[in-house]
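Common to both upcoming complexes is subunit A, partnered first by subunit B, then by subunit C.
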Partner chain A sequence: MLELKRALDAKGHCLLEMPSGTGKTTTLLSLIVAYMKAHPLDLTKLVYCSRTVPEIEKVMEELRKLMNYYEKEMGMEQNILGLALSSRKNLCIHPSVSKEREGKVVDGRCYSLTASFVRARHAADDAVPICEFYEGFDAHGKEFPLPPGVYNLDDLKEYGQTKRWCPYFLARHTIIHANIVVYSYHYLLDPKIAEVVSKEISKSSVVVFDEAHNIDNVCIDSMSVKITKRLLDKCSNSITILETTISNMKENDSKRLEKEYKRLVEGLRDATIARETDMALVNPVLPSEILEEAVPGTIRTAEHFVAFLKRVVEYIKTRLRVQHVVQESPAGFLRDIHTKVCIDRKPLRFTAERLASLIRTLEISDLTDFSPLVTVSHFATLVSTYTKGFTIIIEPFEDRAPTVSNPILYFSCLDSSIAIKPVFNRFQTVVITSGTLSPLDMYPKILDFHPVIMTSFTMTLARPCILPMIVSKGNDQVAMSSRYETREDTAVIRNYGNLLVEVAAAVPDGIVCFFTSYLYLETIVSSWYDQGIIDQLQRHKLLFIETQDAAETSLALINYIKACDNGRGAVLLSVARGKVSEGIDFDHHLGRAVLMFGIPYVYTQSRILRARLEYLRDQFQIRENDFLTFDAMRHAAQCLGRCMRGKTDYGIMVLADKRFSRADKRSKLPKWIQEHLKDTNCNLSTEECVQICKRWLRQMAQPFSREDQLGISLLTLEQLQSEEMQKKILQRAQGV
Partner chain B sequence: MDDYQTCPKCKTTKYRNPAMVLMVNACGHALCESCVELLFAKGSGACPECKCPLRRNNFRVQLFEDPAVDKEVDIRKRILKEFNKRQEDFPTLREYNDYLEEVETIIFNLVFDIDPTNTNKMIDNYKKENKDITQKNRNRQSQEEMELEELLEAEKAQQCEKANLYVNAELEEKKQKHKAREKLIDELMFSDADAKSIVASHVQATSALAKEQPKAAAQPSSGVVKSSKFSSGIQIGLRGQHTNSFLPIPKQEDLPLYRYTAPVFDYDGPPPPPIEKLGKLNYFANIRAANITERAGGYTEAMSCCRALQEALGGLFYSPQLTHKTAVLATNPSTQDTDDMETT
Partner chain C sequence: MADEDETKEYRWESGYEKTWEAIKEDDDGLLESNVADLVARAKRKRAALKATGAIQLGMMRHLFVVVDASACMFLQDLKPTRFLCVLKLLEVFVHEFFDLNPISQLGILTTKMKRSEQITVLAGNQKKHIEALQQLKDLSCEGEPSLQNSLERAMNGLKNMPAHSSREILVLFGSLTTCDPGDIQKTIKSLKDNNIRVSIIGLAAEVRICREIAKKTGGTYNVLIDDYHLKELILNQVQPPAVVGSMEASLVKMGFPGGTPIVNDGTSDSSADHAPAYCLCHIESETSSLMGPNGYNCPQCGSRYCELPVECKQCGLTLVSAPHLARSYHHLFPIKPFIERVQDRETTHCFACAKPFVEAETNVYECETCNQIVCLDCDLFIREILHTCPGCASDPVTAQMKTN
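And now, the complex of A and B:
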C-alpha cells in the first residue's frame, strides 16, 4: 500500500509482485478508491484490467464488499460508480442474438441490427429489423447516467432488462463518467479495440494490470497477424462479393458512392466515425499525422480499391507458394510488393481505413464473412507502417508434419513495447501486478518503460505453509533433469516416476504435476506405462491427464475435483503454459502438492521465437539465455503458485530438476517462494524429500484457528494501533 | 479438387502434371506451356478464347492464380514507366492525388477494354506533354523508395556484422584447438613426465571442452508397433516389444478389499445372552472370578461363562423333522423363554 501510494503521488508507473491469495485485489482497490476520494482532482478514474471473465467478476465482488464497508462506516450512499465491461457476447440481452455462442457471430448480428444505416432504413421501412434494446438506450439512456453503485455483468443485464436498454452500449457509454472500470486487457492493449472503447478515458486515471505476468505476450499477440492459404481463399470470395455489390450499387444508387468518393477527395476523415455502432472495423495504430492526410488517389474510387485488394491478395498468395522457409523484414516485403505488383507503401498504409469506409458505404450488414479480408487489410497497414520490431516469416509446412503443405505467413511482432507504449504514455499511473513477476528487472526492459516503484512483497505467515524443495536426484543418485540430452534416458524417467509415486503415497488429497510440454508429458507417461509406474500410482490415487483438447481437459478437471472432494485423492498431470497452469486455482485440498518436472523452457527451435530473441538482443541488450531462463522461471513460478491461494492454505512445491538449484535459476523465483526455500532443501533425493514432506504434513495437519494468526498475520485494530506494531510499520516504511 | 490450376485448352491440371507451367499473354488468358508450343508453332496466332492475335514471344510464365491480375500488372508496369510523376512535381497533395487517380483510371480502362480510343489518346497526349519530366524521373528514385533502400542497406550491414561476429567466434575456437594441439606436442617434446599420462590429460581436457557443445542426436525410436497413440503420435502400450526397456515391475494382483461381516451362528436353540450383558444379568455370581495370572493372558470370566451358556442353549430345538426355516421362526417367541430362564 505504501509503495502504491508513493507511485500515485509521483504519478509514475509501478511494478508490484504480491503473492496470490493475500488480498492483492482488495488492497489495490481500497487504496486507490481512498485516494480518489481524498484527491478527486488528481485522480479521476481507476481502470482495472484483468484476464478472464471470472476474474473480472471476482474483482467486482471485492469492490462491492469495499463499497458496503464504506457505506456502513460512513453511513451514507457513496458517490462512486463501478462497472464491468465485457464483449457483446456476455452482455447481450436481445432474445435471439444472445443465443449465439460465438463472439464474432454475436458482434456481426448486433452490427446488422444497430448500424446507423440499418436504423435509417428502418425509419423508412418498418420491415427492417432493429434491436429494440438499442433503440431504447439511444432514445433515453444517454441523458440519464447510471446511478452510483457497483455493477457486474449480471447487474448490467438486469438493469438493461428492467429499463429495456442495451447493457452493452449502456456500459460503453458509462465508461466515460464511471469512477471504476473493470475489463479485459484487450480493451486497452489491442489497438484495434482500444481505439473504440478506451479512447475517452482521461489522462488522470490509474490503470491496473492484474495477473500481468504474461503481459508481454498479450502485447505481441495483439499486433501479430497470421495468414493461411484458406484465409486468402476466403478473401478472394469476399472480394467478389464486394465487386458485385459495387456494380449493383452503381446501377441503383450511385449517389452514395459518389458521396464517399467526394469525402475522400476532400481528405475529410469519416464523419460517421463518431457513431459508436459503426465502429466494428477500425484501423490499427497509425501515427495521427498520417490519419489526417487524404487517402491516396490510387485507391480513392471503389473499383480501383477492389482491384488493389485483389492484387494484394494475389501477391500474398504467390508469396505463400514457397518451398522453404523465408524470413524477411517489412522493408524487404515492401520493396518486393512494389516490384512485383506495383504497390506503393502509401496506399498500403491506408488499406484498413479504406476498407472500413467502403464496407460502411456499401451498407454491408453481415460482417462475419469479411473478417478474413479485414485481417489482410490490417496486415497491409501494419507492414507498411512499422519497419522496425516486426518480421515476416513464411513457412511452407509445419515442423511436425513436413510432408503436408500448409503454408502460413506470420507477421510477427517482436517488440512487446509497441502495443503498450500508448498506455504508458497516456495514463499517469500504470500498475502492473501479479503473484509471479520475478525477476522484476526484466519487465521494464522488455516493455520499455521506467517504473518509479518496483517491489516484490512477501507474506507474513503464522506458520510455514509452503514447502518448496528442489529434488535433484533419485534414490539411485541419478541426476534428474529434463535437459535435452537426458530426457530420453529411462533412468531419469523412472526416477521422476518414483518421485511421483512416493509423494503420492505420502501426501493426502490432490497432487498437480507440471511437465514442460505436451510432447514430453506424453513420452513420459507412455514410458511410465511400460515401467509399471502408472499401476503403482493408481494404487494410491486416481490419475488425470491434461490434453490439448479443451473439452477433454475440462472434463478431466471436473473429475479431478470430484475425486479430491470425496477423499479418494487424485493426481493431475498437466503442462506448464497449458490451460491448467493459467488461471485455474488448486486451493486447499485440491492441491496439496505441486510437482514441477523439469524447467519449462519454450520450444527454442520456433522461428518466431528465434527472431524475437535476436531482436531483444540487438535492441535491448538482453541475452538469449537470460530471456529464456526468465520466461521459463516465470512459468515455473506460475505453476507453483497454483497450490497456494491464501494464508490458511498450505502446499508442497517440488521442483524436480537439478538445474533449479543453480543460483541463476533459484534467484529468479518470486521472493515469497525463495524465502521458504532453505539451502538444506536444495539438493534432495527422492527419499529425503518424502521424509521432509511427511514431517511437514504432520505439522500442518494440526488445527489452525483464527487465534493462531492473530498478532502475526492477522491484526485486530488494537494490535494495529499498539506502539510496538506502529514502530515496526515505521521501520518497514523507512527501510524500503 | 478444383483449386488446382487447369489449362483451359488441354484440361491438364497441376495435380496430374506437376511440371505443367501456365503462360499468359497480353490478353490475360492462360495456356499451358505445351499448348503454347503447339498452337503458336509459327510464332504467332490467335488466342483460343478471345481470338485476339498474339505473338509467341510475348508469352510469360503466369505468376498469380488469377490470370487477370497478371494482365493488369503487365499493363500497369507499362503505364507506370510513362506516368512516373512524383509528389514533388505537384504543388499540392490534392493535385497529386488527382493525378494518381487519373493514372489508375487509365489502367483500369485498359484492363477492362473500356473506351480504348479515348484512353489511348489520353496516353499519347500525356506522353507528348510530359516528355521531359518522364525522362528526368526515370533516373530519379522517389523519396519513399530511397527510404526503403536505406533501411534494407542498414539491415544488410547489420546482418554482415552479425555474420562476421559468428565467423570470428568460430575462428577463435579453431585457434584455441590449434593451440591445445601445439601445447601437447611441446609438452611431449620437452616435458620429463610420462608420455602416456600427458596424452591422457590432454584427451581429458579436449573431451571436457567437447562436452560443453550440446550434442544433438535423438535416438531413433524402435520399429512401429500397433498400439494406441497420443495426439503427438507417441505410442503407449509397447510392453514386451520395446527392445531397450528393462523388465517391467511385476504387477501385483489387486485383491478386493477386506470387509468385516459379523459371523452368524446357528444355535438351533434359544439365543444365548451376548457377552457384554453377562455382567449386568448377574451371571458372574455363580462362577469363579479370574485371578491375576489368568487375566494377564487376556482371559476374563465372561469368556468361559459365555461359552458355557452357548453350549447349554445350543441345539435345544433340535429335531430331525423340523426344517431350518421353522427353526428360525421359532427363535423369536422363544426370547421370552430365555429371559425367564436367566432369572431362574
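And now, the complex of A and C:
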C-alpha cells in the first residue's frame, strides 16, 4: 500500500509482486479509491484490467464490499460509479442474438441490427429488423447517466432489462464518466479495440494490470498476424462479393460511391467521425499523421481498391508457394511487393482504413464473412507502418508434420513495448501486478518503461503453509531432469513415475502435475503405461489428463473436482502454458500438491521465438539464455502458484528437475516461494521428499483457528493501534 | 514427564527442532523463568481444553468404532505398524470407555477390500471387545477401505437405538482414499437425519471428505502427529459429547444387583442368590467358564454375571452398580476452571499438597468458590483425576451447597 501510494504520488508506473490470496485486489482498490476521494483532481479514474470474465467478476465483488463498508462507516451514499465491461457476447440481452455462442457471431449480428445505415433503412421500411434495446438506449439512455453504485455484468444486464436499454452500449457510454472501470486487457492493449473503447479515458487515470505476468505476450499477440492458405482463399471469396456489390451499387446508387470518394479526398480524419456503432472495423495503431493525410489516389475509387486488394492477396498467395522457410524484414517485404506487383508502401498503409470505409459505404451488415479480409488488411497496414520490431516468417509446413504442405505466413511482433507504449505514455500511473512477476527487472526491460517502484512482497503467515521442494534424483540416485539429452531415458521416466506414485500415496485429495509440453506428456504417459506405473497410480488416485481439446479438458476437470470432493482423490496431468496452468485455481483440497516435471522452457526451435530472442539481444541487450530462463521460471512459478489461494490454504510444491537447484533458476522464483525454500529442501531424493511431505501434512492438518493468526497475519484494531505494531510498521516503511 | 520422553520418536526420525528459537532471556538475562513459563503454559493449555461448562451430555452412548484395515495400515510410521498400534490403543480406549461410560454400548467394525466387516455387535461387555481386538491382530490388511460401506453398516446398527441415547461412530482412518459404491453425500445426509455423530481420526493427512463428514454430522476430525498424540486423540473420545439440540428425556430401566460377598456366611441373603451357577459372560467359552458362588444376579430374571456393568442377556436389563453411575456424574458437573493469579507473598503453601511455592513458578491457581489457592500440579491433578476441589469439599458450607 505504501509503495502504491508512493507511485501514485510520483505519478509514475510501478511493478508489484504480491502472492495470490493475500488481498491484492482489495489493497489496490481500497487505496486507489481512498486516493481518489482525497485528491479528486489528481486522480479521476481507475481502470482495472484483468484476464478473464470470472476474474473481472471477482474484482467487482471486492469493490462492492469496499463500497458497502464505506457506506456503513460514512453513513451516506457514495458518489462512486464502478462498472465492468465485457464483450457483446457476455452482455447482450437481445432475445435471439444472445443465444449465439461465438463472440464473433454475436458481434456480427449485433452490428447488423444496430449499424447506422440499418437503422436509417428501418426508418424508411419497418420490415428491416433492428435491436429494440439499442433503440431504447439511443433514445433515452444517453441523457441519463447510470446512478452511482457498483455494477457487474449481471447487474448491467438486469438494469438493461428493466430500462430496456442495451447494456453493452450503456456500459461503453458510461465508461467516460465512471470512476472505476473493470475490463479485460485487450480493451487497452489491443490497438484495434483500444481505439474504440478506451479512447476517451482521461490522462489522470490509474491503470492496473492484474495477473500481468504474461503481459508481454498479450502485447505481442495483439500486434501479430497469422495468415494461412485457407484464410487467403476466403479472402478471394470476399473480394468477389465486394466486386459484385460494387457493380450493383454502381447501377443503382452511384451517388453514394461518389460521396465516399469525396470524403476520402478530404482526408481520413473526417471519415472516422462516424457513429460509434460503425466502428466494428478499426485500423491498428496508425500514427496520427496518417489520419490527417488524404487517401492516396490509387485506391480512392472502390473498383481500384478492390483490384488493389486482389493484387495483394494474390501476391501473398505466391509468397506462400515456397518450399523452404523464408524469413525477412518488413522492409524487404515491401521492396519485394513493389518490384513484383508494383504496390507502393503508401497505399498499403491505408488498406485497413480504406476497407473499413468501403464496407461502411456498401452497407454490408454481416461482417463475419469479412474477417479474413480484415486480417489481411491489418497485415498490410502493419507491415507498411512498422519497419522495426517486426519480422515476417513464411513456413511451408509445420515442424511436426514436415511432409504435409501447410504454408503459413507469420507476421510477428518482436517488441512487446510497441503495443503497451501508448498506455504508458498516456496514463499517469500504470500498476503492473501479479502473484508471479519475478524476476522483476526483466519487465521494465522488455516493456521498455521506467517504473518508480518495483517491489516483491512476501506473505506474513502464521504457519508455513507452502512447502516448496526441489527433487533432483530418484531413489536409485539417477538425476531427474527434462533436459533434451536425458528426457527419453527410461531411468528418468521411471523415476518421475515413482515420484508421482509415492507422492500420490502420501498426499490426500487432489494432485496437479505439470509437464513441459503435450508431446512430452504423451511420451511419458505411454511409457508409464508400459512400466506399470499407471496401474500403481490408480490404486491410490484416479487419473485425468489435459488434452489440447478444450471440451475434453473441461470434462476432465469437472470429473477431477468430483473425485477430489468425494474422497477418492485424483491426479491431473497437465501442461505448463496450457489452459489449466493459466487461470484455473486449485484451492484447498483440489490442489494439495503441485508437481512440476522438468523446466517448462518454451519450444526453442520455433522461428518466431528465435527471431524474438535475436531482436531482444540486439535491441535490449538481453541474452537469449536469460530470457528463456526468465520465461520458463515465470511459467513454473505460475504453475506452482495454482495451489495457493489464500492464507488458510496449504500446498506442497515439488520441482522435479535437477536444474532447479542451480542458483540462476532458484533466484528467479518469486520471493514468497523462495522464502520457504530452505537449503535443506533443495536437493532431495524421492524418498526424502515423501518423508518431508508426510510430516508436514500432519502438521498442517492440525486445527488452525482464527486466534492462531491473530497478531501475526491478522490484526485486531487494538493490535494495529498498539505502540509495538506502530513501531514495526514505521520501521518497515523506513527500511524500504 | 518421563513417559512422555519414551513415547517420542527416535532422534534421527524427527525433524530439526529449533529449540533455541522459543527461548528468550528475561530482563536479567536469565532463562529460568522463561522455561518454567513455557512448561506451565503447555500444561494449562491441555487442561483448559477439557474444562467445558455444564451442558446436557449424552450419557448413554452407542458407539461404533470403525477400524481401517486397508493396505496402508501396514505402513510403519507408527510402531510397529499402524494397525497394531491402533489396536493396542483401542484396547485402552475400550477399557476407559466403559470405565467412564458404564451405561453405554460399543461395537467394532473393520473396512478393507472395499467392504466392511462387523467384528463385534453393539454390546456392553468390554471383555468381549477386548478379546475381539486381540484376535484382530492376525488380520491381514489389504485393499482399499470404503467409508461409505462402513458408515452405512454402522448406521444400520445404530438406527434402532432408543432416541435418548447418543449415537456415535468413531472412524480410525489411515487411508487417503476411499472406494465407494455410490454417492457419499447421500450417506452423510441420512447420517445427519438419524442424528448420528461421526468423529474421524486420520492417521496420515487431512482428507477433505472426512472433514466434511465430521463437520456435517457434528463430530470432530483430527489428524495425528505421532503415536502419543494419537493416544490423546483416541482418549478424548472417551468423554461423553454434548448433546446437539434437545434429546428427548426418558426414564431408563436399570437393575442394581446386590454385591456378592466373597465369604458366604449364608445368613444375611437368601441362599438362592449365592448358589453356585455358571456366569453368563463366560458360558459360551467352555474352557474358562467357572461355576462358583461369586457374581451379580440380575434382579429381574436372576441370571448371574461376574462383572458389571453389563446388559442382561436374558431380559435385556442394564445392570450397573451405584458407583458406576456416580462416576459418570462428574461429566455433568465439571468443576469450574481455576483462575490464574500471580503469586503473592501472603500465601506460601499450596492448599492441596501443602508444599511451599517455588520461586520459579510465578503463577498460582485459585478456586472461584472456596478461594483456596493451589499450585499448578495440583490444579491439573484436580482437573484430570479428582474432579472435586479439595477446598470446596473440606469446607462444610460449600460441600453442602454442591450436593444441593
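We take it that the second predicted complex is superposed on the first by the 731 of 736 C-alpha atoms of A that agree within 3 Å, B and C clash if a C-alpha of one lies under 4 Å from a C-alpha of the other, contacts with A are read in each partner's own complex, and residues count from 1 in each chain.
One rule holds in what follows: a contact is a pair of C-beta atoms (placed from the backbone, for glycine too) under 8 Å apart; a residue touches a chain by one contact, two chains touch by 3 or more.
Keep in mind that this is a model prediction, so the values were computed, not measured.
Model built by superposing both complexes on subunit A: subunit B and subunit C clash.
Contact with subunit C, but none with subunit B, is seen for A:Ala505 once the two complexes are overlaid on the shared chain. Contact with neither subunit B nor subunit C is seen for A:Pro145 once the two complexes are overlaid on the shared chain. Looking at the shared chain after the overlay, A:Arg539 reaches both subunit B and subunit C. When both complexes are overlaid on chain A, the residue A:Gly136 reaches neither subunit B nor subunit C. In the overlay built on the shared chain, the residue A:Gly567 is in contact with subunit C alone; subunit B does not reach it. Contact with subunit B, but none with subunit C, is seen for A:Glu488 once the two complexes are overlaid on the shared chain. The partner that reaches more residues of subunit A, of the two candidates subunit B and subunit C, is B. When the two structures are aligned on the shared chain, A:Ala701 is found in touch with subunit C, with no touch to subunit B.
Once the two structures sit on top of each other via chain A, subunit C runs into subunit B at 276-284, and not at any other stretch of 42-50, 78-86, 276-284 or 312-320. In the superposition on chain A, the residues of subunit A contacted by subunit B and by subunit C overlap at 539.
The touching residues of subunit B, counted against subunit A in their complex, run 3, 63-66, 69, 72-73, 76-77, 80, 93-94, 96-105, 108, 111, 144-145, 148-149, 151-152, 155, 158, 214-216, 218-219, 230-232, 234-239, 242, 244-246, 248-251, 254. Chain contact summary for the complex, subunit A toward subunit C: residues 505-509, 539-541, 564-569, 588-589, 592, 680, 694-695, 697-703.
Remark: subunit A residues 233, 236, 265, 267, 293-301, 303-304, 307, 310-311, 314-315, 317-318, 329, 331-332, 334-335, 338, 340-342, 344-346, 387, 484-485, 488, 490, 518-519, 522-523, 525-527, 529-533, 535-536, 539, 547-549, 618 touch subunit B in the complex. If you check the complex, the residues on subunit C that touch subunit A are 15-16, 72, 77, 144, 147, 176-180, 183-185, 202, 204-210, 222-225.
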